[in-house]
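The structures come next, written out as structure tokens.
First subunit A sits with subunit B, and in the next complex the same chain sits with subunit C.
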Partner chain A sequence: MIDRVSGVALNTFRESVRDKVLVTLIVFAVLVMGSSRVIQPLALGEEAKIIKDLGLSAITLFCVLISILVGGRIVYREVEKRTIYIMLSKPVRRWEFILGKYLGLMAVLVVSMVIMTAAFYLILLVLGVGAPLYLLLAVLMTLFELAILTAVAVLFSSFSTPITGAVFTFAVYFVGQMSRDLKLLAAMSPSPVVKAVSYFCYYVLPNLANFNVRPEVVYGVPLDPSALLLSGLYAIVYTATVLLISAVIFNRREF
Partner chain B sequence: MLTEVTPRPKVPGRAGPLASILPAVLIVWGFVGVYLLQLTIDRAGENHLREKAVAEMAYFPSGRFAREAAIEFQSLAADLIWLRGIQYYGFHLMSDRKYEWLGHVFDILTSLDPRFIGAYHFGAITLAWDAGKPHEAIDFLISGMKANPLSWQIPFDAGFICYMLLHDYGRASTFFEVASKMPNAWFILARWAAIAKAKAGDFLTAREMWLDILKSTENRALKALVVRQLKNLELSEAIDRLQKAVHRFQEDRRRLPADWNELLAAGYIEQMPAEPYGGRFYLKDGKVLTTTPPSQRE
Partner chain C sequence: MSSVPESVISVSRLSKTYHSGFRMKRIRALDDISLEVEKGEIFGFLGPNGAGKTTLIKVLMGLTEPTTGTALVFGRSPRDAAAKARLGFLPESPYFYDHLTAREFLALAARLSAVPKPETAGRVTGLLRLLHMENSADIQMRGFSRGMLQRMGIAQALVADPELVVLDEPMGGLDPIGRKEFRDIIAGLRDRGKTVFFSTHILSDVEMICDRVGIVSAGRMAEVGRLSEILTGDVESVEVTVKGVTGKTQKILERVSQHSIRSGDELLLTVKSEEEVDRIMAIAREVGGIRVVGIVPRRLTLEDYFMARVARDGRARD
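This part shows the complex of A and B:
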């Protein structure tokens, strides 16, 4: 089983690395981080904060774009190129195919993040604003966030077209960031229907705000390790559940 | 000739009946796990909620920076900050009633969307009454008047704060007069200008003004604030009425009344006013006080 999954994952990784979208996004991310050199004179004493904010946000934003744009067509591409028939004629279970695709894409994201983070630290060192390792915590939490988002992208990719999948994934990302407002809406709304729907969405949709520790990390505010651990566990359980749904849907598809 | 044959890989077997329901069971349990984990995360976070709510606002950039950063989505960014600001206000209203960052939030909001009249209106009233910063509220409204020179609401609010809190009736009258000359101005504004000029703040006028504010707004938080102020006003009015009766009694009889019944029997008050918070009035060294402490007044 491990061989089959890793085979699909390796193939997905190789295929995605050749993708122009991926290279373009990584280059753009590095350019955006580098542009903090231009902002530096305008920051009026807040350059260290702005450079760190910009760098960490660029890593998150571009990795989210990679996850949505590359992940959104990861299964569809196989269908479009008819390579899915070759793949499914092999002794590979469909869920192994989905898991392999997911792991391949995650490997792409990890490599992209490593490149971007290295560029970020290099920029911090060149600009001389200090490069504390504590900032890596924000990158790690972003990785958990991406684990969920990529699983969602693979889910939509398993039954929809790339554009529809990307739009749906982006919608989930957007709502996931606003989950606290959903809970507030549920608490404040006098309507029991709105309350029930809001609470349902709050607990069923991914709560991506759990993973945003960028403001705290930039200010060097100590974080509660148990909260980080719980968030990591949340990401693992959520990702496993979404991948299971993807596998069930993909299993029922007829080619 | 011998040909080497690679053994055919074993094709995965067919799933049994139990295996078909297993994914559904696992998915349900997955969501149960997600729900329980989120509950734990929320519970752990609640202890730090206050610090976080304050810290969050400190992380908010200045209005000018936010304006540049929001590019073409300034109005949308203002709307999101409006929602977050109301959340911040509501959180502190229900907890410690300290509104350290309220002015900052409304500054960002109106920098992003300088024509957001509702934000000036709500921001100034809450800054003046809840945060206890009437001067900051007036400055905020003056910046709003510069951005919205044809709005009657902003000078009206400035006049209202000058009248009610700063007791600067001359300035209040000027603001009301300015407001009354704006297009589509509220018809009662000219009357308020005259009242502010003539009167030095009595309870009846104050109540009428608050009631007009109540009628003019759809904002639920603002309506709740007006209701609280009306209740406070009722209490102040009752204390004032009793205090005046005690003074008259003292002047006539050269002593303090033994209790409220003596005041009633002697006709200094027609009936005992109700204490709006359910407490009772008492006399201490000739001063009328209530058993409801200020912290328990809504």
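This part shows the complex of A and C:
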């Protein structure tokens, strides 16, 4: 089982790494981080915080883009190019295939993150604004957020086209960022329809706002370890559930 | 060990209906198909384009589910990984991962098929040699021609040395030399006791290498059996070529034969049986000046049979 899942994952990883999209996105992310030098004069003494915030935001943004753009077509592409016939005629179970695809993409994201984070720290050192390891906490929380988002991308990819999948995944990401506002809206809205829809979105869609600890780490505000641990557990449970649903859908598909 | 032949593929009363298009029009791709393929056989699955060959193969590979009826591979559901572990599959017009080299791709296929790791490199090199792909082994497959992709397709199907090999239009995209090599590979599989199930619309492939054939036409099984049973081998007609025939004798000869064509000095006569050949010879001796220059018996070919069968089914449906 491990051989088959890792085989699919390795293939997915190779496919993405040899793809121009990934390299382009990583190069852009580094360029954006480097550009903080340009806006330094506007920062009025807050440059260290702005450079850190911009760098961490760039890592998150570009990893989210990789997750949505690469993840959105990850299963579809195999169906479209009919490589799925080869894969599924081997003794590979369909859930193993979905899990392998997911893990392959997560490996891509981890490697991309490592490269971007290394570039980020290099920029911090070059600019001499201090590079505390505390900032890594924000990157780690982004990784948990990406675990959820990538599972959602694989879910949509397992039954829809890349564009539809990307749009829906982005919508989930966007709404997930506002989950606290959604709960507030649900509590305050007089309309029962708005209330129902808001509560539905709040409980079903992932609560991604909890994974954004960038302001805290940039301003050196201490974080509650138990809250972080809870967020990590939430990410694992949510991801496992979404992957399970993806596998069930994919299992019923005909090619 | 019992002597009862082991059924490798067993399809019973299988039908497949698709719903297609905006109005969900029903399309019956397969209609009440039954067939058995036994261990060690080369089974040719024959039919015109669009007859349902690929649909049945997809059912056998667990890629799609039958609407009614059953399909078993090694006595198991085609979705069962234990059945898939014993087979290799070449899809029609295969397409692989652009980003992988030929060697990487075969290594992936081996890994997914649980080929023991120490054996993988040797197997991959052996297959690349068998298919004359050694020189392209380490370049990415994005630049491969149709024929090269077809070779990679058979290589990945054989990588786990499976008991059953299922090939969908294996000769597609191959030049005559490639087709000969593929026939040799299939014959080699039979010599090693493997079972081969392949679909084609090219009759000469089937006539040369198949033990048994199934003929499918418009989703229905028209015939299943040994080639020798379908094509009895009886002489259908005899073509006699004669020279030096004059107008009057031509009339007499034409009365004896079914069909005649005049071409310059020669007259080609088609007669029903060998006895009628004797009558033509007798007339030729009587009249004099006439020489019989050729006698060719015509047996029913698979192509004759196939054309007649498909045409009949076509008429029946109209």
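A few comments on the model shown:
Criterion: the second predicted complex is superposed on the first by the 255 of 255 C-alpha atoms of A that agree within 3 Å, B and C clash if a C-alpha of one lies under 4 Å from a C-alpha of the other, contacts with A are read in each partner's own complex, and residues count from 1 in each chain.
Keep in mind that, in the parts below, contacts are C-beta pairs under 8 Å (C-beta built on N, C-alpha and C of every residue); 3 or more make two chains touch, one makes a residue touch a chain.
Keep in mind that what you see is a predicted model, and the values were worked out from it rather than measured.
In the superposition on chain A, A:E254 contacts subunit C only, with no contact to subunit B. Once chain A of one complex is fitted onto chain A of the other, the partner contacts of A:N210 are limited to subunit B, with no touch recorded for subunit C. Touch criterion met: A:P91 reaches subunit B and subunit C at once.
By the document's definition of touching, of the two partners only subunit C reaches A:K81; subunit B does not.
Of the two partner chains placed around the shared chain by superposition, subunit C is the only one that A:E15 touches, whereas subunit B remains out of contact. After overlaying the two complexes on the shared chain, residue contacts for A:G7 are found with subunit C alone; subunit B is out of touch.
In the superposition on chain A, the residues of subunit A touched by subunit B in one structure and by subunit C in the other are 91, 93.
Within the complex formed with subunit C, the subunit A residues making contact are 3-4, 7-8, 10-11, 14-15, 18-19, 81-93, 254-255. Those residues of subunit B that touch subunit A in the shared complex are 9-12, 23-24, 26-27, 30-31, 33-35, 37-38, 40-42, 44-45, 48, 55-56, 59, 83, 87, 90.
Residues 91, 93, 181, 183-184, 188, 202-204, 207, 210, 215, 219, 221, 224, 226-227, 230-231, 233-234, 237-238, 240-241, 244-245, 247-248 of subunit A are the ones touching subunit B in the complex. On the subunit C side of its complex with subunit A, the touching residues are 58, 61-65, 81-82, 84-85, 87-89, 91, 94-97, 99-100, 104, 108-109, 111-114, 156, 166.
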